[in-house]
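After this come two complexes, each holding chain A, first together with chain B and then together with chain C.
Moving on, here comes the complex of A and B:
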């Protein structure tokens, strides 16, 4: 499975009469974008579109998902298999990436747990999305729609918009072409048998009720842990459908650009052998947790690995899955490192996780999501700022004439548990 | 000419040159200028600061008359009009450590000036005071005096000059146990791969969050006669009277509510809803019994399976809520329940 990613650096996005990409400028026909995103979905009452650029005094709130525009240029299947394209296996051939931009789904709130992004000011330091050109879709749902239908309608509109924009990169010569091939340094065959075999264990939130993730369009709740080729993820095999706390939910953009996969590819054959990726779920019942943990550990043993990097999504309940995975892998003699955020209280004095095991002795902390941030008033708000008071991490009174005072939790991707950002926490 | 920082040094009877254990009952007294290790401190503080006085108290005296000793020591310190107080270092001496911690805490609270002490990591004073005062990490014995004095002098001058301290590990200060965010040099993903490789090679690595040992509560023996028991309902699922009258937060709750159900047979979407922000509220708002089973409890009461249902229920939101807060709520709620003779509680979470 070899995938070439052609990265096209997008320097600006502008509204235009026609949608095309030239000299790093993405020209977008706004009406066509809105039409394609909506696709006559009767659940959607209206869609509007705005562009937010890095450095602008703009706040975007509430955001559900972020998606990077990509297009499949060669090879089997299409972008977001099972949801937008057919169900053919993706991850080989060639894919073009519109790097530096994203589609954000904004508009009326679905659940409490949606996020915000500031394009400048102190809040911008916490999120990759503050450094991207964001095409914001403000989507209003038809009245009387259930939350689940609302979530799905918005999710699909975002994916369609990203696919539409991605098409503009189909015939563009990329700025950079990188080839990814897992198992290229398989150890046994190339004399690199002395390198440690490292696998990636990819936890996907799957608690149901607006906390779902999709693999090839299949709801992860219903899937046993399974092997995936890391390049499939780059073609949108994993899509976020959840409204969990903004700081540590893995948006579709995060999945497409998984930084652990990127790092393992980078070091593959140098100081490690990238032995494979296992996706597992984070369900709610103990029986499901135990079944998935055991099954995932079995797959990793079959891969004959020395060590496993575990990434998490969400907090609280999934802490139990993460600890179970650490404990069982270590019991089998497989070394683990877990990436997690912390909920240590606004004063940083509480214990950070809801579960523990003495075997989880190598944790990477991506920050305390309860820490308070002050976010001064922006000039422009895309969406509705008042929603901060209902968001996880905000509370009544969070919004004042000085701006927003809330927990870091409200910022999209701030404590991303794929390790996307540089933020960490330490004891002082 | 700038004025020098005025420093007062606190010492026990041993370092204060009075004597050993036999002099541990020495009452507090003050002396102008440095005493004992004070000379070394003065040398390290240099031209910027002057030890204007030393206050000495016996370790036994301090532990046997804690309030009186504290009051007298504080008055003696105040008499020297200090800008900074240095206490100890106490190394691994337990009573001395507790005295130094008490003195530093008092000075910070009452005089509002910085204070620094030094202790060995396992000194009982560390656990008592590390959250509220600055404690330099020292060796276990006075063999580490020079290093301890260097650290205390350097940190003291920084605090007196309002210069912010760096991370505890770099400053040689014992951490206060507070988690604070900072930006690392590399992303979490890069750090994770590097940490795993070090772990596999058997090289030293430092976990970024040492997991705490959890507080485990041994369950009480089962209730012998449920037909006589008063049972209460508690939920962390956020069920509140419609409108959330106590404004319990949807995440990181700082409070809980106590709500009267004495005259209620059932909940309804018109009377109750959830304030919880961590799960989809659709189904629980349609029927709040899904999280707070009042209907079933009333059945059990009518059928005589339980004695009676306590006429109030307690609710908070268990979503990103600090364990320290939850523990605080539980301690208050338990007092009510014990006072009112409740024998059993059903806690529903989500």
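Moving on, here comes the complex of A and C:
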């Protein structure tokens, strides 16, 4: 399962008569992009497209998903298997990445559970997406559509747009070519080398109520924890269908660029052996949580690991899943480190997590989502700013002549629990 | 909430789906509920069966309220 990622650095995105990539400039035929994204889906009433660049005085709100344009150049399968392409296993061959840009799906689905991005000003410091060239699709659904249908229509439009733009990179010679091959280091072959065997346990939100994640198109709440080759994730095997608090959900872009996977690959064979990746879910009944925790722990034991890095997604009840996983792994003598954000109140004084266990003794905090941020008015708003008053982290009065005053929670990816951003906390 | 009610001298039962969270938070009497989106019901059942389920949960909670306890107790099936 060797995958080469060819990174093509995109320096600008411009509207053009046809769609192509040249000298780092992505030229996009706007009408064709809109047509391809919509794909005559009768659930969609209209799609508009805008470009938002880093440094511009632009606010984008409300955003559901972010997707990185990629294209499968060699090897089995296609991008976003199970949703866009067939269900063939991906993760090998060669994939080209249009680095530096993303597709954002904009428009209200449930309002209180979407997020925002500022392209400049203080808010821009909190989100990777503020540093990207964002192709925004403003999608209006047909009236009377159920929220689940609406979410699916928007999700698919975003994926199709990313695939359409990714195609422009098919024949471009990448600026950088990096090869990823799980099990490359000797420790993985002889069962137990000198280096510690470290696995990655990848928690995916799967709660129904539009808090869903898809693995090869399969709803994760119907899946028992399973093994995945880390390179599959880079080809879009995991897709976000999440309308949930913006700060700590994993968008599809986050999955495509999982920094924990990148770091484990980088250190594989040097100071650790990257022993494998297990994806698990966070469901809504206690029985499901216990079943998944036990099953995931069993898979990790079968991988014969010394330690596990766990990333959480979301907050509240998934804290219980995370604690079960930490406790059960530690009971088996497997060391754990959990990456989590905190909901510790505006002053940081409240209990950060809904559930705790003394066994979870190594945590990396990626910030307090309740922290209050002041975001001055931008010149241009893509979408609808008034939604902030109903968004998780906002409240009536959040929007004033001065701008937005809300919890960090409203910013897309601000406390992402894959460790995407720079916020952290230390114990005192 | 359960703790504050008990602090005022009134016994309380926490009917709660994710029992470990209830334990962490410190509720004394815990009755496990159905699921996070529908703690006190189950829309996949027929109305009759759901009503029976709901009655069982409420009766369990009332029973828990009248039961003397020494410490944190989960009133499971």
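Note that the second predicted complex is superposed on the first by the 417 of 428 C-alpha atoms of A that agree within 3 Å, B and C clash if a C-alpha of one lies under 4 Å from a C-alpha of the other, contacts with A are read in each partner's own complex, and residues count from 1 in each chain.
The definition used in the following text is that a contact is a pair of C-beta atoms (placed from the backbone, for glycine too) under 8 Å apart; a residue touches a chain by one contact, two chains touch by 3 or more.
Since we're looking at a predicted model, the values are computed, not measured.
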| item | value |
| --- | --- |
| Side-by-side fit of chain B and chain C on chain A, or clash | clash |
| Partner chain in contact with A:377 - chain B first, chain C second, else both or neither | neither |
| First, second, both or neither for A:319, with chain B first and chain C second | second |
| Touching partner for A:263 - first (chain B), second (chain C), both, neither | first |
| Which partner reaches more residues of chain A (counting touched residues only), chain B or chain C | B |
| Chain B versus chain C as contact partner of A:209, first or second or both or neither | both |
| A:356 touches, of chain B and chain C: first, second, both or neither? | both |
| Which of chain B and chain C A:289 touches, first, second, both or neither | second |
| Steric overlap of chain B with chain C in the superposed model, located at which of 38-46, 164-172, 218-226 or 272-280 | 218-226 |
| Common interface residues of chain A - those touching chain B in one complex and chain C in the other | 207-209, 354, 356 |
| Residue ranges of chain A touching chain C (in the complex, touch as defined) | 207-209, 284-286, 289, 317, 319-320, 323-324, 354-356 |
| Residue ranges of chain C in contact with chain A within the complex | 17-21, 24-25, 32, 34-37 |
| Complex contact set, residues of chain B against chain A | 131, 167-168, 175-193, 195-197, 199-201, 205, 207-209, 211-214, 247, 249-252, 277-280, 282-283, 318-320, 322-325 |
| Chain A residues within the chain B interface of the complex | 111-113, 125, 146-148, 196, 198, 207-211, 243-245, 259-260, 262-264, 267, 271-272, 306-309, 311, 315-316, 335-340, 342-354, 356-358, 360-371, 390-393, 395-396, 407-409, 416-428 |
